[in-house]
Amino acid sequence: MSDFSAAFGAAIEMITSGNPQLVGIVLLSLKVSLSAVLVASLIGLPIGALLAVARFPGRRTLIVLTNALMGLPPVVVGLVVYLLLSRAGPLGELGLLFTPQAMVIAQAILVLPIVIALTRQAAEDAWSVYRDLLRSLGASQWRSAVTLLWDIRASLVTTVLAGFGRAAAEVGAVMIVGGNIDGVTRVMTTAIALETSKGDLPLALGLGAVLISIVVAVNAAAYLVNEWSARRYG
Amino acid sequence: MGMTRRSFVRLVCDGCMALAATASLVANAADERYITVASTTSTEASGLFDFLLPKFEQKTGIEVRVVAVGTGQALDIGRRGDADVVFVHDAAAEKQFVAEGHGIDRREVMYNDFVLVGPTSDPAKVAGISDVAAAFAKIAEAKAPFVSRADRSGTHMAELRIWDAAGIDIDERKGRWYRETGSGMGAALNTAAAMDAYVLSDRGTWLSFENRRNLAILVQGDPRLFNQYGVILVNPAKHPDVKQQQAQKFIDWLVSDEGQAAIAGFRLRGEQAFFPNADGRGR
Amino acid sequence: MTQAGSLLAPLLPLYLRAVTVIAGGKRILDGVNLTLTTGARTIVLGPNGAGKSVLLRVCHGLVRPSSGEVRFNGPERIDGRRRHAMVFQRPVMLRRSALANVTHALALAGVPRARRQQTAEEALERVGLMRLAGQPARVLSGGEQQRLAIARAWALRPELLLLDEPTANLDPTATQAIETAINAVHAAGTKIVMVTHNLGQAHRLGDEVVFLDAGRVVEHVPMSQFLASPGSAEARSFLRGELPWA
C-alpha cells in the first residue's frame, strides 16, 4: 500500500510543480498518439465506410483480416517498422528511425485496423437503414460512404477514442522505433518502463497516474463533444 | 452538401497539415547537429549520460542522442548503420564488431565493476568471499535462486565467463533455481528483489537502484568483475550516413583529459561509479 | 428545371414486360406486364405478400428483376439527377436539420450548389414545414418526418413519385397532412404511384388501381370501377376482406 501512496504523492508533486521534463514528455506523448490517430483516421474512416457500402470480390476476406489485425502485437509492429526504417532497410534513406515521426508511423499502423473495423461495423449498421434512401437518390458509393460517416459521427468519436487509447497505452512499438531517447523520443509509456527498470517504482506509478488522467481527460472532452452534437442535430 | 462537405474538407486540410509537418520535420532532421549513440541500459540507468552529455553539448553544440538497449542490440544497431557511435562494455563483442568492418578506431574509455548482489539471508553463504567464481560455485551447489539477464548483454557475458571460470557448465546445471529473465539490469534487479535471489549487477545500476528490499552487495573486488567500456566509431566507409566529423569529436572528447575528468567526477550516492582509463588506441 | 428538359423525352410511360422476381426460392413477382402513364394517380392494391412493395422497388431500380424488362420512355437521369423518386413506409431521416436533409438529398442527386437552398425551401414550403426548417429532423413527429420525406423527394422535381404505404404508421391528422402534400405534388405535375392498405385513402387519392395478387397484375382499371364492380374473383375476395360489411 505504501507503494501506492508514494506513487500518488509523486504524481501530485509532478503535476503541481509543472516539472518541465514531465511537461515535455506529456506533450510528446500527445503529439505522437494524436498524430497517429489522425493519420489512421484519415485513411481508415473512408476505407471502413466503403467496406460497408461497396461489394467486391474479396470483401469478406478483407473484413476478417482487418478485424484480426486489431490484435496486432505492438512490439511486432515496432520490430517490422524498425527493420523498414533502419539504414540497412528499404526506407533507410528517409532517416526516420529514432524520431517521433517513426513513432507516429508505427502507432498509425497499430490504430488503422481498429479504425477500419469499428467504422465498418457502425457504417454497416447504418447502411442497412440508409441504403434504400441513398440508392433512391442515386448517390454514388463514395457519396453514400461520406453521408454515412457524417451521420454515424457519434460512433466515430468512440472509434477514434478507442484508437487513441490503443496508441497512448502502448510501449512496445514506440520503444523499438523511437529508442526512448531522453528529450527526443521519450514518451510517457517508455518513461514508465525506464523508471520501472531503474527500480523507481513510485515514480513509475506516478507517471502512470498522470497518463491515465490525460486519457480520461481526452475521453471526457470527446464525450462532451458528442453530447453537444446530439443536442444540436438529434 | 452542407455539413458533409465542410467536414470532409476540414479532414483533408488536417491531413495535409499533418503531412506537411511531418515532411518539414523529416527535412530538418537531416541537417540538425546531433549524433546517435547506441549504448546500454545499464549505462543509461546509472545516470552517467545525464551528467556527462550536457558538458559535451555545451562545449561543441552537438546534441548527443542515446539509444539505450542491451549490448547485443546496441551492436546490431551499429551494424545496421542506425547509430554513429557504439559505446558498450563487452570487449570480445566489440573487437568482433571492428573485425567485421562495422566499426573503426575502438578506444577504451572507462571501467566499472560488477558486484554480486543477493539477499541478506544469504542461503549460499557467499558474503565476503573474495573469489567470485567460488561464490558462484557455492550458489549452484546450494541451488539458491539466481537471476540471470540472459540477454547477451555485457553483464550477461560477464556472468557466463564467471560460471566458466568456476568450471560449471551452466546449461547443464541450471534448474528451477536459475531464473533467466531476458531483461535489462533494472528489471532483473526488480525480479531478484522480489524473489530474494542472487544476481550479478554492474555497480552503477545498483547504486541508483531504488527497490532494493532485502538485497545487498555480497561479493565485490574480484578482478574478474572488472567491466571495461569501449567506444567505437561506426565505419563511415560501410555506412555513408554516419556523421563522422561530429561523432569523432565525441569520441575524442571522451578520451580527452576533459572528458576523462568528467567521468571521474560522476558520483552515485556519493561514490565514484566509473573509472576513466583511456590510454591511447585500443589494444 | 433545365433547358434540356424540354428537348428530352418524357420519363413516362414506364413499361414492365414479363417481369419476374425470384427471391429465396419464391416467385415474388410472376410475369408482370404493366404500363404506367402520366396523369392518373395510380394506387397499387392487394393482399399481404402480393408483391406490391417489390413492384415499386422494381420500378425504382432498387430491385433487379430475375427476368423480364423494365423500361422508361425517356432517360432516367437529367444532368446526373434521377427523374423518379420514392417515399418509404418509415421515413429515413439524416442526422441533421430538416432543411439540411433536403439540401443534402439535392447534393447527392447532383443538383448544383447554387440552387439547393432555394429549391429546398420551396419544397418545405409546399408541404408546410418551413417553420421547422432548422430543427433536427430526428426530433420531428412521425407525420412531420414523412412530410419531410415527401418534400425531399419532390425537391428533385421527379416526373414519377413512388410511395410505399406512406401513412401506415400515422394517425388520421398526420395522414390527412400527407394526403394534402401528395395532392400538391401531383398538382405540380408529378405522376403518383402509391401502395396503400387504406381503401378510403385509395378512394380519396386514386384515379386508377393496379391490383396485384400472388405476384401477378390481376386488374388495372379506374378506381371507381374497381371499388364498385371488381372484375376478378381475387379482387372481390380482397374487397370483402377489407370491407367485411360491404
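So that you can tell them apart, the chains are marked A, B and C in the order they are listed, and the count of residues begins at 1 in each.
The definition used in the following text is that contacts are C-beta pairs under 8 Å (C-beta built on N, C-alpha and C of every residue); 3 or more make two chains touch, one makes a residue touch a chain.
As the structure is a computational prediction, the values presented were derived from the model and not from experiment.
Student: When the mean CA coordinate of each chain is compared with the mean CA coordinate of the whole protein, which chain is closest?
Tutor: Most central by this criterion: A.
Student: Measuring between Cα centroids, which chain is at the maximum distance from chain A?
Tutor: Chain C.
Student: Per the centroid of Cα atoms for each chain, what is the distance between chain A and chain B, given in Å?
Tutor: Going by mean C-alpha positions, chain A sits 31 Å from chain B.
Student: Nearest whole angstrom, what separates the Cα centre of chain B from the Cα centre of chain C?
Tutor: A distance of 77 Å separates the two centres.
Student: From the mean C-alpha coordinate of chain A to that of chain C, what's the distance rounded to whole Å?
Tutor: Chain A and chain C have C-alpha centres separated by 46 Å.
Student: Counting only residues that touch at least 2 other chains, which ones in chain A make the list?
Tutor: 147, 150
Student: In chain C, what residues contact two or more other chains?
Tutor: 96, 104
Student: Which positions in chain B are in touch with at least two other chains?
Tutor: Correct list: 3-4.
Student: Hey, which residues of chain A end up touching chain B in the complex?
Tutor: Chain A reaches chain B through residues 35, 38-39, 42, 45, 86-89, 92, 94-101, 104, 146-147, 149-150, 179-182, 184, 194, 196-201.
Student: Considering only the defined contacts, which chain C positions touch chain A in the complex?
Tutor: 60-62, 77, 80-82, 85-86, 88, 92, 94-97, 104-105, 108-110, 136-139, 156
Student: Show which residues of chain A lie in contact with chain C when the two form their complex.
Tutor: My answer: residues 129-130, 132-139, 143-144, 147, 150-151, 153, 232-234.
Student: Name, in rising order, each residue of chain B that touches chain A in their complex.
Tutor: Answer in residue numbers: 3-4, 7-8, 11, 14-15, 18, 22, 25-26, 29-30, 36, 41, 44-45, 49-50, 65-69, 79-82, 183-187, 189-190, 193, 205, 208-212, 239, 241.
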